[in-house]
Structure formats: C-alpha cells, structure tokens
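The block underneath contains the structure these notes are about, expressed in structure tokens.
Going by the order they are written in, the chains are A, B, C and D; count residues from 1 in each one.
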Amino acid sequence: MLNDLRAQVLDANLELVRRGLVLYTFGNVSGIDRQTGYVVIKPSGIPYESMQAEHMVITDLDGNIVEGNLRPSSDLATHLLLYREFPSIGGVVHTHSEYATAWAQAGRSIPAYGTTHADYFYGPVPVTDELTLDDIGSDYVHNTGLAIVRCFRNLNPDAVPAVLVAGHAPFCWGKTPADAAHNAVVLESVARMAFYTATLNPECKGVSQALLDRHYFRKHGAHATYGQKG
Amino acid sequence: MLNDLRAQVLDANLELVRRGLVLYTFGNVSGIDRQTGYVVIKPSGIPYESMQAEHMVITDLDGNIVEGNLRPSSDLATHLLLYREFPSIGGVVHTHSEYATAWAQAGRSIPAYGTTHADYFYGPVPVTDELTLDDIGSDYVHNTGLAIVRCFRNLNPDAVPAVLVAGHAPFCWGKTPADAAHNAVVLESVARMAFYTATLNPECKGVSQALLDRHYFRKHGAHATYGQKG
Amino acid sequence: MLNDLRAQVLDANLELVRRGLVLYTFGNVSGIDRQTGYVVIKPSGIPYESMQAEHMVITDLDGNIVEGNLRPSSDLATHLLLYREFPSIGGVVHTHSEYATAWAQAGRSIPAYGTTHADYFYGPVPVTDELTLDDIGSDYVHNTGLAIVRCFRNLNPDAVPAVLVAGHAPFCWGKTPADAAHNAVVLESVARMAFYTATLNPECKGVSQALLDRHYFRKHGAHATYGQKG
Amino acid sequence: MLNDLRAQVLDANLELVRRGLVLYTFGNVSGIDRQTGYVVIKPSGIPYESMQAEHMVITDLDGNIVEGNLRPSSDLATHLLLYREFPSIGGVVHTHSEYATAWAQAGRSIPAYGTTHADYFYGPVPVTDELTLDDIGSDYVHNTGLAIVRCFRNLNPDAVPAVLVAGHAPFCWGKTPADAAHNAVVLESVARMAFYTATLNPECKGVSQALLDRHYFRKHGAHATYGQKG
C-alpha cells in the first residue's frame, strides 16, 4: 500500500542522514496521501543503516495503524496534528539538528538575518511557548503539536515551513517529504549562520521587509524567477 | 577468555573512532563480566587502526592482569573503581571529546537545556570537584575515580551515566560497552548544543522538571514508549 | 562554443562542492572570454551532481543568451556588471558559504587579522552598504552589482578580490574561474578564523600595514617569492 | 640522498592533509639529518595531491640547496633557525590550522586549560611579540624565527614543542617530522577546546601546577607510564 509514498518517506529519512542532521535513531520523517488521509511514517528507534521502505508504518489521521508491524515514531501524534491543521502540507520532518535545536533550547526565534533565510522562510522561524505542566503531564506529543499550531495562529505555514519547539527541537514541513527534508537541511544551515551572526553583531536587525519580499518571492509563487521553468 | 566481551570492547572502542570522538590513541573503553569480576580494557597507546580483539587486556577488579601481553589503558584504575562502586554498570568509556572536555575544563556542569539531554541524562551532567594536591600526588588515577564517586553521592549513576572530571574530560558508562559508547557519543552532541545554547542565552534555565521526567521516562524504565517492544 | 571555458566554469563550480562551500543548488560561478565578451555561467537551480559542461549558459555582456537552453543563474546581472566594471577579472563566484555570509549578515567587514588574510586580500574584505528600497524594488540583481562597485570606488578589485553584500553573502573574483573559486574557498577559511579571532579578542587590531604589505607582495606582483618560478 | 628522511618528511606533510590542518598548498614540514646537518623540506606551492618524496628539497643549515630542482618552502629560513637554536629537535611543522591561527591572530597564548594540553605542552603555548617594522622590512622569514627564539629564552622547547607567531600562525616541532606533525594535530585540537573553554568560562584559571606535572610526566621522561614499554 502506498509504495511510492513509502519510498519517498524512506528517502527523505535517509537525506537527513546524508546531510548529517541526525545521530543514531534520532529524527523522523512522514508523508501523507491526502486522498486516503493515510500517513506513512518512520518506525521508532530503528537504525537508519538497515531501514527499508517496508519498515515504514502507515496510520490514519487518528493514529490507528493501517499497515505495518513496527511501532511508529514516538512523535507520530505531532505529525498527525500538523497534517490535520495545515491542510496544504504533504510531509513533516523532526530532527534534533544541533544549531536549530540550540535556538529552540535558548527559547529564541531565528531572525531573518539574511537572504538565505528569506529564500526559504518568510519571516523569523518562530519558537513556541514552553509547554505547561498540564501539556506535559497529559497527551504530551499531541500537545506539542497544539503548541506549534498556536504559534502559527497569525502565520502562514506555507510561507514559514518550520518551527522551533521551545526546549526541544525543530519541526519542518513541505509539499512533500523530500521538500520537508530539504527545508530541514536549509534550516540547520540558516540556524548555524544565525548563530555566527548573533555572535558577531548582537544588535543585528536582519533584512528589511523589502529584501525579505524580494528573496522569498524570487523562489516562491507565480512570479518566481529561480530555477528552470516548470 | 571472554571472547565475546573482547569483541564488544573492541567494537565500542572503534565506535568512538567512527563518531569522531577520539584523536590518535586518545580514549579508552572497557567492559566487565560480572560473573568472574574480570574487566576487559583497551591497551595503552595502541593505534585504533590496527587494534584487534586479542590486544584487549583482561584484569581483575584489583587491576591484576589476568590475560594479555600489553599494558592496559593508563586510566584502568578509574574504570575499576567505577565498576566496584557502581554495581549496575557493564561498560565504561573515557574520551577527550572536544565539547564535553571544554565543559570539564571550564569547570561547569552541563545543564539539562533540552529534551535531547533529558532523553539520556536525568539532570545536569555534573562536574567533579578539582582534585587536590594530595589526590594528584598520590594514586592519581584511582583518586580520579574517587572524585567521580563523591560527585555521585546523591546521584544515581544509572540515571546520569556521565560525569565531567574537572580540568580533564568526561567519563561515561552504561549497561554494556556499546551502551557506554553510545552515551559518550550523545554526550558530545549534548555538550555541543549546550555550548551553543549558553552562548545564545546565558540565562537559559533549561527544561522543567516535568519535561525532564517526561523525556527521561519516555526512553527508560518500565513505561518507556520509545523504540520497538523488547 | 567556448568549450574550454565551459569546462573551466564547470570545474570551478564543482570545486565549491568539493570544498563544502555550497548546499543543494546554492552558489554560482561564471567566466568571461574577453575577446568575444561572452560570459559562461552556471544554469539556475540545477543539481551539481548531474551538472555537465553543456549545461552552462553563454550570454553576452548585456545578458542576451548566445547559447544554451537553460535559464542562467538568477545572479547573472551581478556577474555581468562586475565584468563590465572590473576589466581585469576573468571569473566570478557567488556562494552563501556560512562564515563569510555571517559577516555579511552582521554588516561587518572582515578585518585583516593575520597573514592568511594578507596573503590573499590586501586589506579588509569590505561589506557593501545595505541596498535601499529603490535598489531592491527595481532591478535588484543589477543593483547588487552597483552596490559592490560603489564599495570599490577607492579600492582595487585585483588587490581585494572579494566583497560581502550586506545582508546577503560574498562575491569573489579572480583572473580565471578557478582563481575566483580558490579565492572563495580561502575567504571562507579567513572568515572562519576571523570569527574565532573576534571572539577571542574583540579589540584585535589586526596586522600592521608593513605585515600586510610583506605577505601580500610575497604572493603577488613582480617580486613574488611564493611557489615555483613561472 | 637521505631517502628515508625524504619519505618521513613527505609522510608528515600528508598527515597534515589527512587531519584537515592544511588548505591547498598551505603548510610545510621539514626534517633534519643531524649528522650531515642537511634539512629536507617541502617545496613551495606544490599541490599535496601530486607531491612525491623526490620533490622534497635538501638544503644545508645556511639554506644553500644541496639537492632538488624546486624552490624550497618560503618559510625555510624560519625552519633553519629553529634547527640551529633548538639542537634537540628533528622536525618542524608550520600550518595555518584555523583555531591555533585564531589564537595567534588574537595575540593570546593558549593557557593550559586541561590535561589534554598538559599531556603535550608543559605550560601555555606562548605567543611571540609582534614583529617590528624593521623585522618585517628586512629578513622577515629569518626574523620570524628570531621572534620564536626570543619567546623561548626562558622556556624549554622540548617541553613546549609549539609556538604561536603573533598575527600569523603556529610553528610546532618534535624529535622527528612525524612527531612534529603529531604535535601540530594535537595543538589544533587543544586550541579548539581552549576556544570553547574561554567562551564558557572567561575566568578559567586552567590546571594546577601539580596536574600539569602529573600529566606531562605521564607521557614524557624516564617515568612515563603511557603507552607500551619501549
């Protein structure tokens, strides 16, 4: 079932390994088939080295397992909530990539310090509020998703396809699992450069709205000029 | 003798190389067979490239060589004390991995800044007191172990399987040599992220007790939910 | 057409990959044939892994495509202006290499902190003024080039073959595409060391004029003593 | 002539490449045959990829070329002075390795912050005074050597086998070319950890004299306990 999506999810998981974003079994990628509403996700705690497409777990949007013998990623409930609340997305990635995680641990949004950021994220990459005792004590993984959704009340998840969960780590998304993984890789580079920038110039104001617009719409929307024509 | 444990200790030593934790002949791993009380440890100053299982040295818990023609690691006496004092552990790792060592040199415990930390270490990774002139002048390697043990008077070594020896470097442990090496690799990543976090937010308070509990017990104990069922 | 230059431009693009200066399709290199005034440049948004010499796009100095089916790099207009204004250069490189980009984002020139810098850059690597709303709103890529040219009103581009575009990233150049790429690689190393230096000693004054002269002219000009005789 | 030493010098040069200490043609290693007083040194500006033992240049202690068709390293005069002034050394290495160079650029000695440092360097790795206008304007490379020698007036070069030339980069030495290269690699790791340590704890006092003694003499001198018996 959903063999093409399984392969996409596997490959996006392996892209995290190729790019050095994950250690051991850390991290997870999922993809959704919007027609059936089924989600394909990495199993929990399986080494990347031996991971195969058939190890992927398929669930419905309520987390019921549809196919697969392994436990799904322990972050499944966060992925599912993002798919339910952000209807345009097709893939979700969670990593503990080190610089993005450091910004999350520091409780700081990543400012749009430059055009690399603006090419991908139309404004700061926000950090969620800290989870409350109640959030943590009850359905924690689901509540992590709720904290993300609250953080995007006034933000467009298509324009800012990443978030930092306070004290935890980033979640990214995209049109496809590959797109979500690509955003996770770029986020880590952006987070690294932002770390250096904040050290070199703690007062740095970041790019102007005009430059943010110019670069973001260079790569996105009907008037994009980057890359080859469709 | 103890061929399986020899192979485990060799492989855990090589894991340190694969993960970039050791330079030249730095670092050492040991494992214990609790039935015989024999300890298998890396020889001193032998290049990792040519290291074989038969080079491992076997000693008893008092450091008497039981099998092997090479000198054991010069840190043997610290390993032995940890095995005697922490009866639940099966492997010990010592590295000079660069970020963890920097925290040790700075004389600072690594705070539990985020969930990556909390997944492995149930509280800060503590730093020992500095060794006294007497400690250094007499049985230094043994006294290094005593400083670690004093540091854990009120800590559970199973819940915090790592320590920073002040002015020196980390020691880690685990149920097996592989587990101890895994903890050493994660400690270095945690130390790196903590360095970035402390730079981005010197006032960072770290995770709440609730979040520490939630993540630690997600991976440990009877109610663990991470990974596949035993 | 210009097959040798195509090969040079391809190889200089791949040198950026080999040296870790580019992520995904970021970055671009061009070269000019001064006899025809034709410029060979990387196509936009094509993966480096599959890039071939025949993918390179040839334009004239006004940006009219002379040969090639792919869109040229979206930074073409900046390259063209540099070729028109700096008549001695034969290659241009643009990357978002992370440390040089951080200095650009921070709005800081890279001071000549040491002899590595002085061997390549005869004075600080300057940062441009920020682009104005008008610059960004009209012919942005061309105006990026104008900001660079203004920055070099009183500087010799042969003596300082690199610039940081404020809020964006570096451009480098050289006698050939290979030379420009070499300068981009060294710039990133210099930017990295300058970051560490500024952290270790925020008051660092950098090298004296005499040391700058000594090292720069060791590698450049009629009295160069480095390397083998022509 | 001196084929064994040629091979040793080549291999020590390549060790710098393997350990990531040099970029392009940066860096150079030499070795001395104390019986003849001949020095074997890397040629200037030759790519490491194609370097062969026969490319090495042999000079006497006054810099007269004894064998070889290529120009010797442009740093030859510094190497020669070190061999003349430090009669116990057999190899010299110069790199622009990035962290050690940053300390040199910052004009700061590297404090003995921990036992990794103490295992190799019996006290801080000192930084020279800045070269004067006269030093730079006349026989600059020789004067660089004189600055190093002045820095060691009250230091034993066998106990501290490295120096930072202010505003420039490190020189290291050792009993053999391999030993000097080994010291250069460890110096870079020590410099990196010291950078992190100084950031985490700007007031860090470093190891006590007792700990410095304990570690240094663990690896050096008649009572060394590290490694296998001769």
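The working rule: contacts are C-beta pairs under 8 Å (C-beta built on N, C-alpha and C of every residue); 3 or more make two chains touch, one makes a residue touch a chain.
Remember, predicted model here, so these are calculated numbers, not experimental data.
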Greatest separation from chain A - chain, by CA centre: D
Indicate whether more than half of the residue numbers at the chain A-chain C interface occur in both copies; give same if so and different if not. different
Centroid of chain B to centroid of chain C, CA atoms only: how many Å? 46
Per the C-alpha centroid definition, the whole-Å distance linking chain C and chain D comes out as 33
I need the residues of chain C touching at least two other chains; which ones are they? 199
Chains grouped in pairs wherever the two touch, ordered by label: A-B, A-C, B-D, C-D
Report the residues of chain B in contact with chain A in the complex, numbered from low to high. 113-116, 182, 185-186, 189, 192-194, 196-197, 199-201, 204, 206-208, 210-211, 213-214, 218, 225-229
Would you pull the chain B residues touching chain D in the complex into a rising list? 23-26, 43-46, 70-71, 74, 96, 98-99, 101-108, 130-131, 133, 136-137, 140, 167-169, 195, 198-199
